[in-house]
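Look for chain A in each of the two complexes below; its partner is chain B in the first and chain C in the second.
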Partner chain A sequence: MADRLSPLEPVYRPGNHGNLAGGAGVVLGERQPGSIVQLAVWSGQERPALAVMLDVTGMRLPDGAGSGSAREDIAAFGFAPGRFLLVSEAEGLADRLRAALSEELGTVTDLSHGRTAFRIAGAKAEWVLAKLFAIDFALAAFPTGAGRSTSHHDIFAQIQRSGPEQFDLYVFRSFARSFWHTLCRAAEETGYEVR
Partner chain B sequence: MSPRRAAQGGRIDRSGPVRFSFDGHAYTGCAGDSLASALLANGVSLFGRSFKYHRPRGVFAAGVDEPSALVTVLRDGIREPNIPATMLEIYDGLTVESQNRMPSLAFDVGALNQLAGPAIAAGFYYKTFMGPVFGPLKGTRFWMFCERFIRRAAGLGRAGYEKDPARYERMNAFCDVLVVGAGPAGLMAASAAAESGASVILAEQDAITGGSANWSGETIGETPAAEWAAATTDALAGRDNLRILTRTTVWGYYDGNTLAALERVGDHKPASPAGEPKHRHWTIRAKTVILATGALERPIVFPGNDRPGVMLAGAAQRYALEYGVLAGERAVVFTNNDNAYCSAAAMRDAGAEVAAIVDVRREISPAARELARQAGGELLLGHAVVDTEGGKAVTCAKVQPFDTASGTLSGSPKSITADCVLVSGGWSPTIHLASQAGGKPVWDEQQQAFLPPAPAQRWIGAGGLDGATTSEEALRQGWDAGRASVDGPPAPYAAPLVSSLELDARPAPVLEIPGKGKAFVDLQHDVTADDIRLAHREGFVSVEHLKRYTTLGMATDQGKTSNVPGLAIMAAALGKSIPDVGATRFRPPYSPVSIGSLAAERQAEIKPERLTPMHDWHVANGATMYSAGLWFRPMIYGQPGETVEQAYVREARAVREGVGMVDVSTLGKIAVQGPEAAEFLDRVYTNTFSTLPVNKARYGLMLREDGFVLDDGTTWRLGANDFLMTTTTANAGKVMQHLEYLLDVVWPQLRVHLTSVTDQWAGIAVAGPKSRAMLAACVSQTAVDDAALPFMGIVHGRIDDIPVMVCRLSFSGELAYEVYCGAGHGAQLWEALMAAGQPFGMVAYGLEALGTLRIEKGHVTGAEIDGRTTARDLHLDWMLSRKKPFVGSAMMDREGLIQPDRMQLVGLVSLDNRPLNGGGHIVEHGDGEIRDDSLGHITAACYSPARRQYIGLALVRNGKARVGTHAFVSDPMRDRFGPVEIVSHHMYDPQGSRMHG
Partner chain C sequence: MLIPCPYCGQRDVSEFTYQGDGNRTRPNPSSTDRAAWNAYVYDRTNPAGEHREIWQHSGGCRAHIVVVRNTLTHAVVASSMARARTRADRREPT
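Our next item is the complex of A and B:
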């Protein structure tokens, strides 16, 4: 199959940028996971649906709003009541989930092309993101694995904390280039490396 | 060192000079100096000219309360006006000019305004606005005549016209406890809160923490107060649950314990590192706020109280102890309270001579008397300063016996030579944020001041704000507030001992000394005591009206020094007490906020740009792009020398005669999934979707609840319970909201999920008589002939190795298809189709050609679905199912919505062979006169290559009945008048044989 093209292609400049006096405070990058899939569950069917998710992906989600779990190869988090985003390095996750999930439990929507995945990592990641989003990024309030739905003005974003100093952001593809500019600009103060 | 600068002491660094310029003169100061302290050290007393009368003004305060010494900073070609010299830290290369003077600060022609004093008293603008009732300058004409002179003469600093290159940012912060103010109380509160493990933000508007500890001269514990503050700050800075923000003014207290703060990140630096903002706007959401904002000293109002050299006593103390600078060499101290005696002693210790302490009270505390003895000079109890003399600086103070009880003077004035008059009318707690948070301030008779209201939100007061009059009290209140702000067991408080004196905290209730000459209450807006009395005589009794009429307290300093004296004078005029007169409600901002910080990161990009996957191809291939909402879309792919019309006519003709392709990725796309998805669509569309077979699409129409058309588009059935709805580009968000509302609120029992998949799919419309042949040549794994892919059919296949979904539908009226693929493949698909189309003469076409094709065909868009049209108006009544209810069905047959004389969609043909324009009106007469008789308006217009005529679509009253008649276009904005024929909106291939072929 044809390669998926990044919306950032002409503006993606690997290397160090911004104020590097103290080294790069964050590393920014685009991830290109094989699958980005939404699992939406009918009210009251969360437990059996999550059991299907566990079967298909091996991911077990803790209870609670916005909770999630992140591994290098696969990640999942709840971003709204009964709605989960699943991100896998492997392609075809939507088809596998759809085959396993009864329509009586919920629906599966493939968003692999429709969302662009960004990663920001480093000591200053919370600081840079706090410039853009009015949510609390402190580890206590936003634990590793958890996910949030939020927005930067017109740009809707789903954010998962995938490590103590690492966040993955999912943004509508058509906004990705604008958001990349915004993210890079916000990181100039701390210095950033694009990988 | 200058004679005004002490050899040691204070927060400044004397190791090397800092060079700066003021009004073109070069000066030096010390690192840590404010502009005010540095200029005072250089012996400068004249800082600016006043707002209305252009009177010479010096520096009056030492902090954010400064009303007079405002300057303009010149930096990077930008003018930043109205910066208090007291808040501006000097740095090498700082360039500053004074304000409101012409041609120079020392010689200012505007000072003639002083002669016109009575004419420009309170209400000057209101009186001038009215103007004479007759004559050439009647009414507002007089104002218009005067305005240009007034604008030049009045006002403060002048802003520039250059683009500000500085960077501004915003920051969102969350914390358990926000401590506002890092004086003794604030430091103590932050320590107590942080010890419990809570997350704490400590915000301080000055460059360093410590507040009054930096200039009280007291000892806290074993160390000088300033050192205690520095050590406490160091200890706090080491904690990872506490953030200290210096140079940060918390300026607004909003609902939900949300506070706004401005951090001046780069104002004190000669140059900022890459990416660092000049200012950072903080939105802080705090569970609890501790207000430790301290108190501000206020003056006593007396004639001549604005002469340079008249200064708040506490300010002089601050200059002496914090900056090692003498405000003058021979001081007269004028007070109604004990506190100023500390200032007098501090001046003496710093090397100044105290000529006299003038106190309106006859009795003072023993501690004050001891301080007076240390300060030296005459102690004049039961006296008042009644005037000052001097040109651009004070040379002497006039003093006269004064009776506090009656408020009258006796005897005759005597002159005391002095170069500064240090005045204190007591202290007013800085209640601004507490007042913003809600509630009425409470008058305290003892302190002659407003104390903060009972908290209307979760805040705790501490220190001077809460009425503390000693550092010891402030420290304890700070500790208590810090503990109360967090959960946890009470922690023992080990009070550091403070070497405070036993001063009497009660000022005498005297805030004005009567006399002849201008006595200023609001120094920045040039409001005098007489202005307030004039306002009272003219009938202003409400303090809110008084404020607006005189503009008292409405300048950039927000009346920090004038509020209570103004109220006292108003109360005296009304014969009431101050609490009966009441205080005005404080509003944000506490101190001026840069507009840049509010715009913050949006200054560079007002809106984000939404780009389709094929955007770069369009740009690289000569497309002229325009914005459609946030999207960017190709208008035309112009060739050299082509006009826009020539380009779109060429593109549209190529589609009609061969094949063209257009990027339709911007169409809104919503995945509608679930067991009741078909039922849901039946309810929201006017026509039926439950009968639609899988792999077929149908054109659908949605109404609003009120029966008007909301949107249209095709919906594709991809599976039994899986639909792909498309909406118009402009209405995607609106339709999504509408549908989500219906599912969440009206039919929550329906098992339907909606997901925006607009960005999941790239869409390309391929249109023209050769489109089928062209697709047949490049699509694999499926046939595309009429049998395999009938009108509104959907097939899945591949183009190159890209999976595609092809639906046969037409917006252009030609045989046409929409080819969808994953957005990440969009650019490759576009290029593959372009290459495959070359043998067929493939042309990329833009929105203008798309519009032309749909106008010829009579298809509607947002121009016709404008929120005022019904399905019938648009000839879409055939889509209104009578077999089922749907959103809008109950209201669509209302009398007003089925009247035959409603505006209805028609086609127009220009009969004079000239273009028509959207927005032009249709009228029945052709004489070019403008009457109120519009029949309707043109919604879209173009040159039709198919008809070789200028045509348009229009909404015309009773339009269906007018088809075949002549009318006229009336477009006075473009001076376009001429005859038109009203025709059917189907102006091309009305039978649809081409697209069904």
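Our next item is the complex of A and C:
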């Protein structure tokens, strides 16, 4: 297995930071999943392509725009018409999907080296993210498992709610360090712990 | 201004890129009709009222959408996937 290098390495400071008067409101961290894969499905082929995804990953996505599902070891969500992001702790997911998916159904792109994955968890996670992105983070509008594509200024982000108080963010790797600074600044008000 | 993306729902205009007038029809690429090309490139109706236009949700799902927007009030009265329109156009006899 190759070493996983983080673009955040020079600025990643584990510990408690910011306003800790009420304790840390959120926990911030970088995840290093083994696979980040984009599945792009030709128009009209969603059902057979998602059946292949179910075979390969065991993930069944509910119908509807931006729907998804999250487990500890694997997560998937739709982020655009006919496009899905799959994130797995195991390496080699792109190869397994590519082997199973006919070219008649869609394409598989391995983004494992192109995205950096962040996790924000805690009672103030919605509050901190709402400072950065102009979308509704309330549980009723953004249910667990669902995904959203949005951007903070020109930094594009794909966001999945992986728990009632937990979000996973996928950002272009070249923007990751800058975005990490922004995320930490946004969390200073509530206090944050980096793990 | 909020634009309703058919995939993502209501989003801020800052997530979108304007792609131009949605009323014009490009001449056949092999056409040498200079008047038709001139009209396609330059002529705009510039209405004070409802205007059909193409936007891309470039800061979101990246889909191209057809938006009907009132140029006086900025009220968006309709939005749909541009790909649906393209398919409908292709089915029309040429």
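The working rule: the second predicted complex is superposed on the first by the 194 of 195 C-alpha atoms of A that agree within 3 Å, B and C clash if a C-alpha of one lies under 4 Å from a C-alpha of the other, contacts with A are read in each partner's own complex, and residues count from 1 in each chain.
Note that in this section a contact is a pair of C-beta atoms (placed from the backbone, for glycine too) under 8 Å apart; a residue touches a chain by one contact, two chains touch by 3 or more.
All figures in this text were calculated on a predicted structure; none of them were measured in a lab.
Look at A:Ala65: by the touch rule set out above, it reaches chain C but stays clear of chain B. Once the two complexes are laid over each other on the shared chain, residue contacts for A:Ala134 go to chain B and to chain C alike.
In the superposed model, A:Glu189 lies in contact with chain B only, and not with chain C.
Look at A:Arg177: by the touch rule set out above, it reaches chain B but stays clear of chain C.
Residue contacts after overlaying the shared chain place A:Phe79 against chain C, while chain B stays out of touching range.
Which of chain B and chain C touches more residues of chain A: that partner is B. Contact with chain B, but none with chain C, is seen for A:Thr109 once the two complexes are overlaid on the shared chain.
Touch criterion not met for A:Arg96: it reaches neither chain B nor chain C. Applying the stated touch rule to the two superposed structures, the overlap between the chain B and chain C interfaces on chain A comprises residues 134-135, 154.
Those residues of chain C that touch chain A in the complex are listed here as 7-9, 11-12, 14-15, 59-63, 81, 83. Contact residues on chain B toward chain A in their complex (touch as defined above): 169-174, 199, 273-277, 283, 285, 601-602, 604-605, 607-613, 616, 630-631, 665, 671, 673-675, 721, 751, 753, 755-762, 800-803, 822-828.
Note for the complex: chain A touches chain C at residues 43, 65-66, 79-81, 83, 134-135, 148-151, 154, 156.
Every residue of chain A that touches chain B in the complex is listed here, in rising order: 1-7, 9-10, 18-19, 21, 38, 40, 42, 103-104, 106-107, 109-115, 130-136, 138, 140-141, 153-155, 172-175, 177-179, 181-182, 185-191.
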